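Residue numbering begins at 1 within each chain, and the chains themselves are lettered A, B, C, D, E and F in the order written.
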Amino acid sequence: MNAILPPFLILDRLLQDWLAEDIGRGDRTTQSLFATGSRTGEAHWIVKESGVIAGLPIAARVFQLLNPQVTFIAIVEEGQWCEKGQPIAQIIGALDALLTGERVALNLVMRLSGIATATHNYVETIADLPTQFVDTRKTTPGLRILEKYATQVGGAINHRMGLDDGVMIKDNHIAAAGGIANAIAQIRPRIPYPLTIEVETETLDQVAEALQHGADIIMLDNMPLDTMRQAVRMIRETNDRIKIEASGNITLETIRSVAETGVDYISSSAPITRSTWLDLSMRMNA
Amino acid sequence: MNAILPPFLILDRLLQDWLAEDIGRGDRTTQSLFATGSRTGEAHWIVKESGVIAGLPIAARVFQLLNPQVTFIAIVEEGQWCEKGQPIAQIIGALDALLTGERVALNLVMRLSGIATATHNYVETIADLPTQFVDTRKTTPGLRILEKYATQVGGAINHRMGLDDGVMIKDNHIAAAGGIANAIAQIRPRIPYPLTIEVETETLDQVAEALQHGADIIMLDNMPLDTMRQAVRMIRETNDRIKIEASGNITLETIRSVAETGVDYISSSAPITRSTWLDLSMRMNA
Amino acid sequence: MNAILPPFLILDRLLQDWLAEDIGRGDRTTQSLFATGSRTGEAHWIVKESGVIAGLPIAARVFQLLNPQVTFIAIVEEGQWCEKGQPIAQIIGALDALLTGERVALNLVMRLSGIATATHNYVETIADLPTQFVDTRKTTPGLRILEKYATQVGGAINHRMGLDDGVMIKDNHIAAAGGIANAIAQIRPRIPYPLTIEVETETLDQVAEALQHGADIIMLDNMPLDTMRQAVRMIRETNDRIKIEASGNITLETIRSVAETGVDYISSSAPITRSTWLDLSMRMNA
Amino acid sequence: MNAILPPFLILDRLLQDWLAEDIGRGDRTTQSLFATGSRTGEAHWIVKESGVIAGLPIAARVFQLLNPQVTFIAIVEEGQWCEKGQPIAQIIGALDALLTGERVALNLVMRLSGIATATHNYVETIADLPTQFVDTRKTTPGLRILEKYATQVGGAINHRMGLDDGVMIKDNHIAAAGGIANAIAQIRPRIPYPLTIEVETETLDQVAEALQHGADIIMLDNMPLDTMRQAVRMIRETNDRIKIEASGNITLETIRSVAETGVDYISSSAPITRSTWLDLSMRMNA
Amino acid sequence: MNAILPPFLILDRLLQDWLAEDIGRGDRTTQSLFATGSRTGEAHWIVKESGVIAGLPIAARVFQLLNPQVTFIAIVEEGQWCEKGQPIAQIIGALDALLTGERVALNLVMRLSGIATATHNYVETIADLPTQFVDTRKTTPGLRILEKYATQVGGAINHRMGLDDGVMIKDNHIAAAGGIANAIAQIRPRIPYPLTIEVETETLDQVAEALQHGADIIMLDNMPLDTMRQAVRMIRETNDRIKIEASGNITLETIRSVAETGVDYISSSAPITRSTWLDLSMRMNA
Amino acid sequence: MNAILPPFLILDRLLQDWLAEDIGRGDRTTQSLFATGSRTGEAHWIVKESGVIAGLPIAARVFQLLNPQVTFIAIVEEGQWCEKGQPIAQIIGALDALLTGERVALNLVMRLSGIATATHNYVETIADLPTQFVDTRKTTPGLRILEKYATQVGGAINHRMGLDDGVMIKDNHIAAAGGIANAIAQIRPRIPYPLTIEVETETLDQVAEALQHGADIIMLDNMPLDTMRQAVRMIRETNDRIKIEASGNITLETIRSVAETGVDYISSSAPITRSTWLDLSMRMNA
């Protein structure tokens, strides 16, 4: 699997904030019943609908931030497809940590697994073609590194992570700069030189202009399939290093025909904006 | 509308973190083209699928944190149902602030409007009945106050906001405490006295036990409709101040028959875990 | 004992800030004499005036944040009454951690024990009556969760922890809303449904209005004992689930006669605003 | 008046944290009744017991952090003695800001005024003598800069603010270093050179040793008056730049006779650890 | 000028921390003499040695964070070469803000101008050649976005900003992965697809391997000029989109001959690690 | 050695921020090649130019924040002079922690060792004289405690650490206050009494005035050697407790003659503002 989590040095601040959001001034129910660490419990997690699991290492960390002695055993591989009813993790440790951390841990894994599953469904459709499926910047505020980790788990390649690790010249930028040529000319000397410049195009004329002025990536936005094919041909003839991305209302129905135009990447926000959470539950062992 | 946002003193920390998440070390594209504040632009937001709008005051704040001079004019009321194609906001101000803030602002309003719309669909189904629709703690980590604001915008009543502003005694607690009676007896003197205690029940015997030992709210979890009706009758005869909540896999198909059993509240995580984002786009005025 | 500390995940941020407040850029005296962890020392804490001890687990954590190897042995139980001169804790570990952490740890336990002791004095006066003693929101900014923990240690029940886990309708709210009925009607649908609504009343008419419109808790504010007794009777006849709180300049002299009116709760800020710190000192073992 | 507040750049972080502590996820009562900024109100603050007022500029800032348009007019001077019943401030602005900020603002000014009043009582006793009254590091964690501001308002001079802006060699340090001479010799080259070294002494022999090895400040700890007088004489004869501080269980009864020994400073934690809050209330103007 | 500052939303957190570092618990000197905002002053900044100025907009912000009414007028352009003795800025506003903010503001501009000046000296040497001068990740911890802004002001192009916006495969990575081919094959599918992969090479064989396996940027590390020329030729013949960077102990003496080999970029940490601060002083106007 | 690091409780926040600055959303190169903790590596650090080493304990902490199991063995003493080519540290642990932490750790030690080395060069020049070499507040924003630690490692004594742990009355303060006498009179009662007051003087008249009004430290700013000698004599005759500091464009050439005037301290920012980084590199063991 190609998915990579940032170091816990980076993640821990988020996880602590999220636990604090749920716990507030204390877990009234659990803490009134058990003194911290006074009782040990065992629980397991079950998937309640089939799908791809993402986020188990993060769930483990959530419990361990509450109590470092908690043992979290992933029964399935990160990224594995699981059938309804399948146990996916075993958790052993202080009962209060298990009950207090349950909701935050489950919420994360349910959300991330929902994204991974939806991504997987797109990716499977074009698995035999060279085209790669990529995500977008339409992510829930505060969760980008995790939601983009989930699309990786589901088989996607990440697009840029933010406004700073890539350039994307859209129609508003082109209009304001007075054309693609001007825009690229102004941007290139102002950005870290390893960064690439992507230009959003809607017509073959724009594709030609982007090509001529040195775009590294050309996005074909909402083009008819036929135009797309012409654009791919035009670009390949110029330089085989230029990457081609198709975008715009890609669905499970349309994705394959788009991939068959020969584009390198197809981007879609759907696995993040159109997916539902994968249902999971935690059960205490008797 | 009954929805209430926390003060910006509380929200601003989140919004700043979320802008920082997207901007990183700088918006390479926009900042390379326009010096900060050097050009003014106008944009409007359009809904691309029909639904309930939620989050416009938050979007306004996002832009104003980047540039306090931005004017954000909501064209529709917060909570209003909008038809596909309808303009919902007008934004005037520094072009760089508009382009740099666009994604974070849209992501928030799309997510929140998706939740509000899904909530609205549930609420409409039982609008003529006294039963209220409520949310749960299944929310995206870090966004609880906003996602629960969105369910309010959609017509729901909030359930507790975290582990600290209400007690919920679940089966694991009951098992570990040795019964409902013991659990309530241990919890009551340890919590702020204005807090209420809710007990999750699955059988009429448990309902009776909860009633006898002073539960403030009784949740009927996954009960058959007939059992539910009996439970409602039993509780009402004891004390009309006790609140009754039904929960467990409520769908748009089943919600009305559940409401007709006479419960006070029906809780569901579906508007948050099963909804998709409401599609919106920002267009620059020519 | 019924007192409950929030998890250290929540407390650690406060404790770190407080250590940083005292240490600033470094402990000039101690760090100039001993390299970090280079010498081991033993100390004990002595109470210099009799009272109830609160905060020992927090003191332990303060030292351990400086050096995880420090052993802090509480000799007395949290909440125990101690006589002047009694040793209450033994501390063994790196000498620099002991000397650098001393002041913050002692300041916390002295303040909290002072509150617990004052609370205990009130609670003892009515220990044989069913009435409970509760605290208020008059707490030192930044220390609410700890000061309210201390009133619990002293035998009190907590009132709400903040503006968000309970509703309290005061005269200003009533005036602005146009009466108790209006105020409750506006508030109820806007708050998480498990929250309770308390109404502050000064006359029997107000009590009647609060009763009629569904207040969950009725506060009798500064009422003569006779009026109080009538109010209690009126409320009990309506619904035995409604909680009654007496408030307003309760003193050690007046508290018992107030409790004898039959109210459920008596609230007072005195243990926090009128108490002094319990004197403690740390002595190094020779 | 000699009291000095740190810049708001420093204070604002504290004030925001303290407002967040009270507001939590929102002011359920006030925000359910009035939309933010929708109504204007006027209030005034009254002292309910006589004393010295401290903290009004901080209270003003608290309200303005909630709503920058709030006008807070101090009717009395910071540090002024006020009689019971006297109005001390007028506040005009958004009603929700007034009601939501009330408790935090009052809690601060009540605590700080209590400290200022207690300090004032000590200072008055020796006002005609050259001896100055100073505070200690026994302060509420998190509030040191404000509590030490309050002792200034009450007429005291501050002692060091933390472990880093002054050296204080106590018996534990002396024992561990093997004597006063060794301790000073080790510390002097390791600290910022403008810092002064204070040595705690209990006997005339220790005073002599501290004098001989270059202490900048000599503290006479718990000495009989007669010994104190001898110590003062011995020190003055050596160098008139050395400052002399008396400490140890100073009370309102004993302070004057201690001052008459000729010491430069008398330190006491009593105004902070033994004071009660000055009672204040906020009343809305009809 | 091509230099771009990140938005103040990002910078303000740093500037506030840096002011707090210097101010600590308060500016004892200035605040004891003038009440906040009580007096207005005027000052100007003078360069005391010739060089390129960088950082004036940041200096302006530093003063305005202390007092928003301060007017900071840059007399010279950001990036302008100034002669010794030249006034570069005029500052008008509250005297306390001017004196309290002086050191932090000057420290920043002195450091950044020193970097810009040193960069300028390198850039000038090859100004007539197409080769660009770029920086590295050898920057002072915490100041990277500002120090890299300063190299831009001095005429350089930025290299990647951190470990996340570009890939750099060094000898340790190559060794551990078992060759360049393996390393690229493992990395490409795991990174955001717009990112480029740079490979550090020391021999022509390595250059050939990097070329063959799709490196986007090839760094020629410490190569003799002749080898470098051969490498450039080999790469250009393969694909003119591949960028070539020379690195390794570049000095003012050697840079021109390296540029003449035809590489696209020459990277050096010297302007940051080998530069001194440009001396500036602030003078109050009489 | 006299250098003292603040506790890690204080430093860790800085180190975490600095690691986060470099890592951003993840180390694309290293994390794509090795799963966290999956491989162990060994590396050593070599000095590439001779100088004084400072910062090794901080470097150790940097790696351990990424992975607590990393072992960092300092081969040389902190503060030791090392010759070019000498190994100074051995590091063993998870390969990904070594590669991801390398740059931040090296940047810190290179910067601090550069400062320590430059300081050492000044200190050596006057090592046989009683005069001490001290630093100033010209430090890189955010790094003051570390850069001042480095001057200690190099043999300097620290001057004040910020605006709050010492008073420095400069010409602007004197002018605004209406003379030295007024300035001291206003400041003394407003500051913590253990703090000292330093007055910057340029003439013998000013020295006399500072002496007469109780300055604790007198700075002779940019005085001719002859005037300096007279000033020293004048001050010594008055009180041998008053400290004398010389300042103003001290160089390696002039420092000895200044020291010979008999001043106690010579301050200079040169080791911080005029030094370059000591070149170091990390090499993986085969």
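Here is the rule we use: a contact is a pair of C-beta atoms (placed from the backbone, for glycine too) under 8 Å apart; a residue touches a chain by one contact, two chains touch by 3 or more.
Note that the coordinates shown come from a computational prediction; the quantities given were computed from them, not determined experimentally.
Path length between chain C and chain D in the chain contact graph, taken as the least number of steps between touching chains: 1. Comparing the contact residues of chain A and chain E by number shows a mostly shared set, over half of all numbers used being common to the two copies. Superposing the C-alpha atoms of chain B onto chain E requires a rotation of 120 degrees, rounded to the nearest 5. Among the remaining chains, F is positioned farthest from chain B, on the basis of C-alpha centroids. Of all chains, the one whose Cα centroid sits at the greatest distance from that of chain D is A.
Averaged C-alpha coordinates put the centre of chain E at 23 Å from the centre of chain F. The geometric centre of chain C is 52 Å away from that of chain E, both derived from CA atoms.
The centroid of the Cα atoms in chain A and the matching centroid in chain C are 45 Å apart. Residue positions 4, 23-27, 31-32, 100, 161-162, 164-166, 190-192, 195 of chain F each touch two or more of the other chains.
Residues 14, 17-18, 21-34, 39, 41, 95, 99-100, 103-104, 106-108, 110-111, 114, 137-144, 161-170, 172-173, 175-177, 183, 186-187, 190-191, 195, 273-277, 279, 284 of chain E are the ones touching chain F in the complex.
Chain contact summary for the complex, chain D toward chain E: residues 4-7, 9-10, 145, 161-162, 165. The part of chain D that touches chain F in the complex is made up of residues 2-4, 132, 134, 152, 157-161, 164-166, 189-196, 198, 216-217, 239-243, 265.
Those residues of chain A that touch chain C in the complex are listed here as 16, 19-20, 23, 25-27, 31-32, 36, 65-66, 100.
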